[in-house]
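Shared chain: subunit A. Partners: subunit B in the first complex, subunit C in the second.
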Partner chain A sequence: MRGKIVFLIMAMLLFTGLAYADLEYHKVYKPQAGMTADQIMEIKYFNKYSLFANDYESVGDVVFMEKDGSTRNRRFLRQRIILGRASDDVSYKDLVMFTEPTSVKGLATLTWNYMNPKRDQDVWLWLPSLRKIRKVSASQANDSFMGGDFTAEEITSRRFTDETYKLIGEENFKGYTSLFDGKVYHKDEPCYVIECVPVRSPWYYSKRITYVSKNFGGNIFDEIYDPNGKLFRTIFRGWIIVDVGGNKYPAQNWVEGHDLRTEHKTIIIFDEIKFNQGLSEDIFTQKTLMRQRW
Partner chain B sequence: MFKKGFLHWFSHGLIRYRYGFLALCLVISLFFAYHVKDLSFNTNLGDFYPLKHPYLKIQNRLNEIFGGLNQVSIAIEVKKGTILNTKTFDKVWQITNELYLTEGINAGRVVSLSARKIKYVEANEEGFSSERMMNEPPKGQLEIEQLKEKILRTPIVYGPIVAKDFKATLIQADFESEVSTRKIFYILQDIKKRYEDENHAIHISGHPVLQGWLDHYLPRMSRLFLVTLLVMSYVLWNVFRSKRGVFLPLLSAFMATLWGLGLTAMFGYKLTPATVLAPFLVFALGVSHAVQFIKRYYEYVSKHRQNSKAAAINITRTLFIPAFTGLLTDGIAPFTLFFVPLGMVKSLAVAIGFGILSIFFSTVILVPNLLSFMKIPRRLEVIKEERTTLTNRILSYFAQLAVNKRTRHIVIAMFFALTIISLFGISQIIIGDKRPGTSLLYSKDPYNQAEKFISEKFASSDPYYIFVEGRTEDAFLNSRVLKEMDSLQRYLEENVSGVGRSLSLVEYVKGMNMLMFAGDRKEFRIPEQDKTIAEYLFLYSLNGFPGDFDPVVNPSYQYANIKVDLKDHKYTTINDVLAKTGEWIEKEHKAKEIDFAYAGGNIGMLAAVNQTVRPMLTVNSLQTSFLVLFCLLLAYGWAGGWLLFLPLIFRTLLVFGILGFLKVGLTAEIIPVVALGIGFGDDFGIYIMSRVMDELQEGALSLKDALVAAMSTSGKAVFFTGLCLTIGIATWMISPILMQARLGALLGFFIFFNAIGTLVVMPSMIMTVKPKFLKR
Partner chain C sequence: MVILTKKFKTENLNLKEANMRFKPKIILVLILSLLLFTSVSEAALEIDRGPIYGALRKLLPFENLEFAGYLKNETSLRMAHGLDEFMKEANIAQLELEYSFNENVQFFTILKWFYDAVFELENRYDRDPQWESKTNKKLKYPEKMQWLRECYLDILTDKLDLRLGKQQVVWGTADGVRILDIVNPLDYREWTLKNYIDTRIPLWMINAEAQLMPNGQLQLLFIPDYEANYYPPAGAPFTLRTVRLGTEAMQALTQARVTTATIDEKPAHTFENTKIGLRWRSIIEGHGFEYTLNYLNTYDFASAAYTMMQGVGWVPTAFELTRRAEKIEVYGGTFSKTITEGILIPGLAKGWTLRGELAYIKGGAMNYGTDKNIAGTANVSMCNYVLGFDKSFFTNWLFSFQFIQMIAQPQSEYDKRLYTLLNGATRGPLDKIETTLTLLVSTDFMHERLKPQVLVLYGDDNDWRISPKVSYEISDQWLATAGLHIFEGKEQQLNGQFDKNDQIFLELKYTF
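Let's turn to the complex of A and B:
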């Protein structure tokens, strides 16, 4: 029966990332005119994982929208400490604690991410009902992220070196109308349009076209094409700029995945986003994981 | 008196306005020909099941909630060696990927070695790891060995997805309900064509594939129709040895068939494996009735040498009543069949019903009409038709059996004795089909070969589903509920010999629990705390893409199912598992949070058919018999009615006794066989009895003389009528669709047996009873 089991791993990978050799931790970077596609994408990845900050905290709501419009919700609290510490190779540590549905309140995952891109993440799972911590393997890149319409690599583990890039244009983004709340986001945002081709071939996608904001270096919209060259999924990311002591930190507050084949949608809404709260590294240990604080 | 007046008025009117009637037939034929062009071949498997049966309703709910309506299985077989080679694994990986990319695929239900939801899980003291079983095909021997180890350690894969002897591997997929089965069939045939090679065979099964094969075979029925036409022409030539004797029955039957098809098309029916049989039946029936008219025509012109008009008037007058009664009783079968809750039977009934309605016009109106335009046949033609043949000699022998007091008593006694013996045979009748695969196709058919192969290699032939419905959301996040499901599964596994294995949410929860306790086998159990179950199921849901876990439980945890694999679908196995399920629910089901409903899956559908066939067989036979008797009593009075009816029922019992002794498993097609057999079977007796009456009225000296004359005239026609009908039906036996072949064999045998039975027994019964009404 053991083999029958298909199980979790994903949650613990929330917003993990990797170190970027050319960019220094705890600094904010923005794309500049004349940069190559590679340089733009490097900044994009840096910003995606908030490596410019010391720590990060938010409350996330995951909404699964079925084809018929019905929805299911999950809620989690996320804390991250960004270390970029060469001595023990730790890039950052992530803690994700589920608070809804209430039946699983307290279930949590702790992930340690390393600077060495070849080193696997360490992931621990906390099951409050059994009061047990289990060390689990990291999810595979093409597995689902949190049971939604994204792959793990799209949200947590894709590296700068996983794709090759080509700048195919610059344009003002026409805006994205959310399938969840019907609002239009990022209309007329000036963007670089970059074609990303996976190094791995064959892979579940043949290419993606990504729109990276010139203003803050975050990618707003991805069009993902299957191996037959057919558009099969889109991912929209909404961004806000958070002022932290005069520093302008870009932060994702909305991720919306739309599977064009199944018409299934997954929306992640981030709220109460806070940076540099002075989180202690002690929080990100197995021992603390066992102390329920939520 | 009224009857005579009407017959006079009708027969004269028909010939007086013959141009008008002919033009009317032509115009209506053109009208229906126009509609027939829209008739297309289209199989709907729903036609073979009683859709209003509670089991089918459960199956529909299972399909709505968990998917699986269009599930298909693709088995890759390696002819030499095993699947443990890069080429085979490449094929598995490529086919699986291709399926994921196919429009309309239900990706959550794709299962294969490289499917996204098939994982290899390993537990240790610290925790556990999980990875896709085959994220990419192995590149060398080392990777192949590693994969083999993973397969061997994963029970959900070793056996169900990879054959125990490593000779084959299975890929399963499901398509959205909007995707047409024809499209699915072509997608899969294309995959088969591209991935098969000298060392790899691909076997494909599943409902859409079956439907695809049936659609593929259906147009071949047109060729069978030509065969029927040729054989029937040969028989007619042997009977009449004249062009008009051949072409007139064919033309009239063709018109009836055309009208029948036209009406079928107009009412929106398509040519299905069932309705496609109607043209054959209508054609054969049309020819057989026309044969009686032509035969009588030759007799008339042989005796009277008048013009064709007079002959046409005469045959219309004399044959109107028997033809009308015959067609009325023929029409009773489709009428009663219309109320059988099986689409296949209903649509067949409609198509035959329209055809029989048309035969009335083609035989009673068109045949005399056309004959009236023809010249009186030459003497030689009449002589040829009347020559003594082997048939005449045999019929004369049958008549002699009836004339001799001793021999006729022996015939009747034997007939009764055989009927009584047949009652024992009837008690041996088996309902349901026990062979692997579908009873719609031959066992050697590629579809059934594929089913057999998949069933043998992966032990997954006959799934039986129990629907578990929670009264509220999150009903399955409950230890007591899961323990009940577990108890039911174990009960069925232990108490029903035909049960192989069972699978439900329970196994997933138990498996996760075992992983949390370092893979300790003792921990393969349902946790006591509801919260732990909720956490486990939450972890599963986090791991898969939307829909991946849907085949087991719905996202709100309100609906789940138990899949029980049965080793076969024998009537006894099905009954046993259903009875034991019912017993367990009645005695052990206590949890108020859930309700159990059964039976879904292939087993539920077969059980629904079995449960429909048995009572419907009785109800429909009685309905048909009652209505036939009613018509016969109206037409021939109390004595005549019973004299025609009782032997018919005895012959029916005899046929079923034979089927029982031969252990032929009776499936849904037996219902139309019985109804049509009874409905059509009395035609023969009607024509003989009418002829005896006519002979007596026309001055025969005695009943004996009348009977001998009737046997040599109408008896011969009855023989060829029966032969024509049998041929028309028996050609179905060479259909590639087994359901049609079985229907053809059973009904053909029934009809021919009825014809011969009538010719042997009817004269003896007439001579024994000597009913007075014959002389009226």
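Let's turn to the complex of A and C:
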């Protein structure tokens, strides 16, 4: 059961993040020439969690890929409502429901995220094997994300204030060849190259070099270095631009983590991405978790 | 005549035992072979649900119909006899179907069949065709349709959800112990070794959940159905001591030419006997503190035993046992709170989840007497509670600790110098306060593919159960689990009564 709890926390954290006070909700931001590394990273975090939209929905697949190429899959439905509501401090609420395979079918999480960056999320899990809702605390930042090749903070909980930033260059991204489908993504994307050093020390990484797109403000690629300064992991993030009533919304549709030591890969693919569907806040309650039947 | 019969049975048993001697090992080899030769690779993004799903999809090509299920083998072997004695050889098939009429109205059902061949494989267990103890094909009570695990219609709206039909409802926050989780009766076929999801006996009911406030929900239950807890009959692998003693006593009376009768007084399926449940669930905003208040008006699923002996002079001639389901009221509540910043000082207990649960049960009855012997029946109220503490250490090691107390408060008089209340499961003396501690430690390796855990239960009076297990996800569809259940204690205690039932178990599950 513990495995399922961690899995769900991780799954939930996939879709959670922290709001950034300086940027206004429901607006689209792009990096501008002359911005500092801090300003670029603020926009990067804002876009990562889709805080420009009213709501968000997608179907996703998590693929665990072994060194020999064999895979295990998880499929989920994700819904989010972005509120940015000062009266009760709610930034956004997330619902994640796993639909396949049968071994995880029915697992679901509900998360309420707050505008105050010091306030932790409220997280509830629906565990079909127990038929009950469980309130849990969010996972530790350096815990493995869903057993994959990311840490929890890399996908979810890292805050703007967790690192210091230095703009070290601007270049066209050389492109990322996916280890999953062999395709090349984001070739020649103009990027800011930013060095991020964790405030916490010692920590599981000494620094990371991140490539943030000049066109839409999303980070495309992370090179992560261990405490000895050796590159040990990479994370690629693919983005698409979704036209919503004339607004150009950046949306992550691919995340690929590669552990260079073990050659294990984890790929998260988002499909059927929809914004501003008019989701009701009533969906994001425990009652919805209890509707799970499997 | 009796002696001859016994001799024949013994010879027959020895012959059978000789034939069976190597079968458990054969089964072990078969299971391991299956594991080794099972395909582990599947195409990414095409979540292959296998040939069974494919065949069912062709058979039921309805667009709005979704289904899933599993096939499972559960094998357990007694450790005391060199792993050459089965305690379970069960094959299980479960099919779950969901039909969506539209976004707001859906039908869902779970069909489950199982057969435990242990009664054929081992002669030590009673060969009497007690079908209900090895299969859900209740020949004696076919109307109960136990193969129909769940069957209900959901009517869902933003403010009100209705679930109408056969279902299980779970209250409470405790793991592995039932404090408020008493809406449904329980199947004790394998004691409490299995998940409650598989052992709760679903009931027909109306379940309404209303969203009265953004952070508050009210649940109403109307339960016209009643079933008692299921206790395996004498001769089964996990026969409760109280059942065994009762059966032995009845047999002794019969042999002494005393007329015996057993009367089961269950509530009739009438409107007046409808059980009612209420639960208010809310979150205190800004503090992450969640609580429920619960009320249940029901009949006890564990019947109280009333005995009456008639005789001529000192010679008994008739004995009557009445098992009565008492009407009880349950008042209770739960809370849970995650410590995000610290208690009293910043950082103290950060990352812990605290949870608790309390149930005050009014109107119950328990037997009193001495070990093994019932002297009478007393009205008893119970106050049960659990406090739970959960935290992950070293990034992915979960420690979950529970402190549980059950306090029995007799409401009617009996001679306390001679008698004590009796444990309903063992007919052993019951302390006024029974304390139990549980600890669950679990983690994972190989990208959450290999998941070991150990559960330890300790009851005061030195009563133990230790259950380590490890599960391995072979592929998206195949899951293998192996583990042990080790019991220690006196036969008067909950786990100690199964002191000779230490077992190793293997499970292989195929989901589709």
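In the analysis below, the second predicted complex is superposed on the first by the 282 of 294 C-alpha atoms of A that agree within 3 Å, B and C clash if a C-alpha of one lies under 4 Å from a C-alpha of the other, contacts with A are read in each partner's own complex, and residues count from 1 in each chain.
Here, a residue touches a chain if its C-beta (ideal position, glycine included) is under 8 Å from a C-beta of that chain, and two chains touch if they have at least 3 such contacts.
The model shown is predicted, which means the values in this text are computed figures rather than measured ones.
In the superposed pair of complexes, A:Thr71 makes contact with subunit C only, with no contact to subunit B. Once the two complexes are overlaid on the shared chain, A:Pro202 sits against subunit B while remaining clear of subunit C. Of the two partner chains placed by the overlay, only subunit B lies in contact with A:Pro227; subunit C stays clear of it.
Once the two complexes are overlaid on the shared chain, A:Asn142 sits against subunit B and subunit C alike. Shared-chain residue A:His264: touches subunit B and subunit C both.
In the superposition on chain A, A:Leu107 makes contact with subunit B only, while subunit C stays out of contact range.
In the superposed pair of complexes, A:Glu57 makes contact with neither subunit B nor subunit C. Legend: residue contacts after superposition of the two complexes on their common chain; A:Thr285 is shown touching subunit C, with no touch to subunit B.
Residues 1-3, 5-7, 64, 72, 101, 103, 128-130, 132, 134-137, 139-140, 142-144, 146-148, 264, 266 of subunit A lie at the contact with subunit B in one complex and at the contact with subunit C in the other. Residues 1-11, 64, 66, 72, 98, 101, 103-104, 107, 124-125, 127-130, 132-137, 139-140, 142-144, 146-149, 202, 226-228, 230, 259, 261-262, 264, 266 of subunit A are the ones touching subunit B in the complex. The residues of subunit C lying in touch with subunit A in their complex are 40-45, 47, 49, 68-70, 96, 98, 108, 154, 156, 158-159, 161, 168, 170, 172-173, 175, 195-197, 209, 211, 214, 217, 281, 283, 285-286, 288, 290, 336-341, 351-353, 355, 390-392, 395-396, 398, 400, 440, 442-444, 447-449, 451, 453, 471, 473, 475-477, 479, 511-512. Residues 97, 101, 103, 105, 107, 116-123, 126-132, 135, 153-158, 474, 477, 507-508, 510-512, 514-516, 519, 524, 527, 529-532, 534-535, 538-549, 555-556 of subunit B are the ones that touch subunit A when the two sit in their complex. Against subunit C, the residues of subunit A that register as touching in their complex are 1-3, 5-7, 61, 63-65, 68-73, 75, 88-89, 100-103, 105, 118-120, 122-123, 128-132, 134-137, 139-140, 142-144, 146-148, 180, 264, 266-267, 269, 280-283, 285-287, 290-291, 293-294.
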